[in-house]
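Which chain is which? They are A, B, C and D, in the order written, and residues in each are numbered from 1.
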Amino acid sequence: MTSTDTIRKLVDEFAAIPDWEDRYAHIIALGRALPEYPEEHRMDKYKVSGCQSQVWLFAGEQGRAEAGAQGTVDGGTHGHKDDGSEVIHFEADSDAAIVKGLIAILMKIYNDRTPQEILGVSPDFIQQLGLDQHLTVNRTNGLASMMKQIHLYAIAYGRIDEERKRARELHRQ
Amino acid sequence: MTSTDTIRKLVDEFAAIPDWEDRYAHIIALGRALPEYPEEHRMDKYKVSGCQSQVWLFAGEQGRAEAGAQGTVDGGTHGHKDDGSEVIHFEADSDAAIVKGLIAILMKIYNDRTPQEILGVSPDFIQQLGLDQHLTVNRTNGLASMMKQIHLYAIAYGRIDEERKRARELHRQ
Amino acid sequence: MNTSNADAGFAPAASADNAFNLSALRNEFPILTQRIHGSVPLVYLDNAATTQRPISVINATTDYLLHSHSNVHRGGHALATEATRLFELTRSRIQAFINAPYSEEIIYTRGTTEAVNLVASAWGDDNVKSGDEIIVSEMDHHAVIVPMQMLCQRKGATLRVLPVLDNGTLDLDALTELINNKTKLIAVNHVSNTLGTINDVKTICALARHRGITTFIDGAQAVAHLKVDVQDIDCDFYAFSAHKLYGPTGVGALYGRAEIMSAMSPYQGGGSMIASVSFEGTTYNDLPYRFEAGTQNIEGAVGLGAALEWFIGLDHNAIAKYEQTLLQRATEGLSAIKGLRIIGNAPDKIGIVSFVVDGIHASDIGVLCDEQGVALRIGHHCTMPLMKRFGVGSTARASTGVYTTLSEIDALIKSVGKAVRMLS
Amino acid sequence: MNTSNADAGFAPAASADNAFNLSALRNEFPILTQRIHGSVPLVYLDNAATTQRPISVINATTDYLLHSHSNVHRGGHALATEATRLFELTRSRIQAFINAPYSEEIIYTRGTTEAVNLVASAWGDDNVKSGDEIIVSEMDHHAVIVPMQMLCQRKGATLRVLPVLDNGTLDLDALTELINNKTKLIAVNHVSNTLGTINDVKTICALARHRGITTFIDGAQAVAHLKVDVQDIDCDFYAFSAHKLYGPTGVGALYGRAEIMSAMSPYQGGGSMIASVSFEGTTYNDLPYRFEAGTQNIEGAVGLGAALEWFIGLDHNAIAKYEQTLLQRATEGLSAIKGLRIIGNAPDKIGIVSFVVDGIHASDIGVLCDEQGVALRIGHHCTMPLMKRFGVGSTARASTGVYTTLSEIDALIKSVGKAVRMLS
């Protein structure tokens, strides 16, 4: 599913829950379903700044290679999509239940996508999902920083992909 | 003339000049008539702080003794008034014409008076003369500082007078 | 004065039986009638972070801007004179408010934080040397700890820490042992912003004075809740922020004993703080101007003046009594929630309740209370060492203001209960 | 756009022929319709000291206080989110206004003075050592000179002075000679508050960059009169105050290049500027928060945001053209008064005219003009070295704002003429 489809699905999903209590129950449930964060990456350098709760975000070459392997299944190319770019695989976690649920939403939108896809996501979904308060200005919960971090990874890996593509082309010549 | 009488006279004098131009002309004229400031006292230590114009105020033991001599003529006692306190003689100046005129007014009220008289002057005269803007909050022209300085001299000399009186009484016993 | 109803703990907010006319007082704060998230009434319990502004304070600032705004001191025209008068009038009001001997002892700052930094730099750099010691408390705000830590680092001095007992009071016995010949300064808050504890600063200052030690009292949380008298406390420095006293942000005051401050080097350099400037050498102005470089927050000072005038006019006996009722009700009601633990149970407290709930992150409680209209503050409250002392990462904190009602406390208890149920 | 009438120098203020609708613009400033001393209309020509506030800016602050006031960043509730949004929105507006690359490069300060002090301490203490040199100009404000002088004293560095030519421009030839291997910083104003001179800061910064010298530009007088682009100027630091830009007092901004600022030690310590605090050691927060300790002037930031929005919406071409007309008219009209001498005749000037009259103290002129409603600033304008350079103790200064009219300039000329007659 493309990020656009995912967002549309999420918006419909949330629109179907008018009651705020149920919405939060759903968010918390999404958090509970988030894949377990690898303990070996629970390090300060993967902590995203924020002062109310703790947030971890990991995206490594290794995680990426694995994600690339998954990408293979979808795209049928060897570890990278047709346009030559690989997807980025993230691991993320928080010690607060609601923040973790919000991370799960972000993961649905951003995880295992190529740099181009990530950078192409319009931040409008934040309003559409009614999550402004949690995902924008507030640097206390670390989620705004996390989104920024995801974008920085996408920019960095996007550049690496460019380099690799150029190297491959050079090789072919 | 007591300070109260002087103030009453000044208030009448100013009330008789409704036009602002004439009032300032009068103030400037009063400044021109101020006794010349002794050049030997035009020293930094006699400068009163203020940042638009420069203001000097001098009150010394020497000046005081002379003033005391004048006091003799009035009160008939030897260099001090009946209650045993001497008058304080000030010299003052400014390089700005209007400030100098305002100093002349202050001198009429405060100069050659005893510490008690000086401390007894109610600051109401400032409003009565319509000089609030010049004589109160504004520390730029140095006049508020000057009035404070005059009061400090009065307090200091008042204490000296007390000491002298006590010494004289001890002597008499 | 009849507070029996309020004491019973169930009086509705706007009841005519209230000791003071709380409903009239609340009407002075239009923001409190706000509905948030579309529909829920606001229950503002974040007063320790910042207080709301009565309409008279808002109007005073607007009036100033519509009629008298000018830069102060340096001008000779009518507006400058009026702005200067208002600016200096507030200084005298602050002096009276904390009973300082002279108005020259009142320095305008951006707030408490800047006041601590001013003292740590201007006083500290002149008076603290390698090997000296500075005492802060374990319940101090980062605003006190960090500047003092930075001072110690600059000078090679040592920061000593006055510990906090389990109930959230200072261990004053430990103080006698901490003090020695190397102690130069004791800096401590009057009231803890996290625990609500009212500290016995008078005893601390007496101990210090006896040994010739300088004292700095952080009054950020005290001024809106206690009668403050710096001569009675006998401290050398006292600081507070206007925005925690129903006044503007960006302005506050530092009181400093004239003998100490007149000997202090300047802090920031610039206009107004000088007597004369030349490239050969600069001489500095007298108190208080020496410490007020550049254009100050003039409308902030005007607003603070209005806030003081308004605040002084309140019935503080009634308010203090009601505050204890609110505190007791909140303490009892929250304690009844399963797994909830209140951090800070000192016998003398202002209306602050910090709490944690077993197995639930404070952040989640904050979000779910907010959805119910209840504004709490979540986090370490700029007191990380204190969090460590109590073995928690963060707490949820409810803090009362003069406009807080018992029904708001009930809403607090209900909303926390619901949040905990949703998160369990 | 037709400014011919204005150019002729005799257009009445509210004339329909004006290039821009000055009369509508003036209506946004209720204070300008004031009568002072009972009856005379106010002619406010003290804009270089502080500007007046349009009603939209006053209303923005009031709105904020009535609907959104809270402490920023640290809270998770609805008001805190909204206050934080507004606070950070202004930061982005400042970034756009001076064309800074990143919003993290914008630090809130109390004003220009604090910005200079921040750089002199946080950057200076880390980067300036004994024997180094710092260059300031002879026309700099005390806000620049004094903190740099204090820095030099702390570090044993030397302050070098870029001289001013007779016409009130900087002697840029001298700069090439002043710069050497020991030069660490050049700090200079963009526009002189006393002379009105617009300095060629771009050339200065190019010279500095070429030699690896850091640059600080004091933009206090520039932002309300020139289009400022920090990337085009290519300076390392740029500072201004909101209150000289139709915004609040007690707030301003420092722009600093990210590479430089991320390496800088903190300035003030306290809440928000830390990442973690413990008695063993404290780590500091990222940009911009590392330099914003404690509660900031939140409503000031909101007001500054509104001021920027309002200001950006003006027709700056028309205003700049009209300002030159006002300046020319004032220069000609005042010069015609016997014994009057204008200090500062640079070819590129903003609407500032400083003058002295032979044998008459500027203070007397100030008092008598004020009686006629004309608000001037009298004194050394926090530029004592510049006063010395021109052999005067003080000047009277008239400075224009976007709302100044030609008839106000005529009133100025008339009132000075009358004052001089009364004092001769």
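Convention: contacts are C-beta pairs under 8 Å (C-beta built on N, C-alpha and C of every residue); 3 or more make two chains touch, one makes a residue touch a chain.
Keep in mind it's a predicted model, so treat the numbers as computed, not measured.
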Going by the contact rule set out at the top, which chains touch both chain B and chain C? D
Compute the centre of every chain as the mean of its C-alpha atoms, then state which one is farthest from the centre of chain C. B
Could you give the separation in Å between the centres of chain B and chain D, each centre being the mean of its C-alpha atoms? 41
Averaged-CA centre spacing for the pair chain B and chain A, given as whole angstrom: 79
Using CA atom averages as chain centres, what separation in Å is found between chain C and chain D? 32
Enumerate the residues of chain B that touch no fewer than two other chains. 51-52, 140-141
Which residues belonging to chain C are in contact with no fewer than two other chains? 37, 74-76, 78, 80, 363, 366-367, 378-379
Pairs of chains that touch, anyone? A-C, A-D, B-C, B-D, C-D
Which of the residues in chain D come into contact with chain C in the complex? 30-31, 34, 36-37, 42, 44, 46, 49-50, 52-53, 58, 61-62, 65-67, 69-71, 74-80, 110-114, 116-117, 120, 141-143, 145-147, 149-150, 159, 161, 241, 243, 248-251, 266, 268-274, 276-279, 282, 293-300, 363, 366-367, 369-370, 374-379, 381-382, 384-385, 388
Touching chain D in the complex, chain A uses residues 49, 51-52, 132-133, 136-141
Using the touch definition from the top, list the residues of chain C that touch chain B in their complex. 73-76, 78, 80-81, 84-85, 88, 275, 285-286
Residue set of chain C touching chain A in the complex reads 37, 360-364, 366-368, 371, 378-380, 393-394, 422-423
Would you tell me which residues of chain A are touching chain C in their complex? 20-21, 24-25, 28, 51-54, 95-99, 134, 140-141
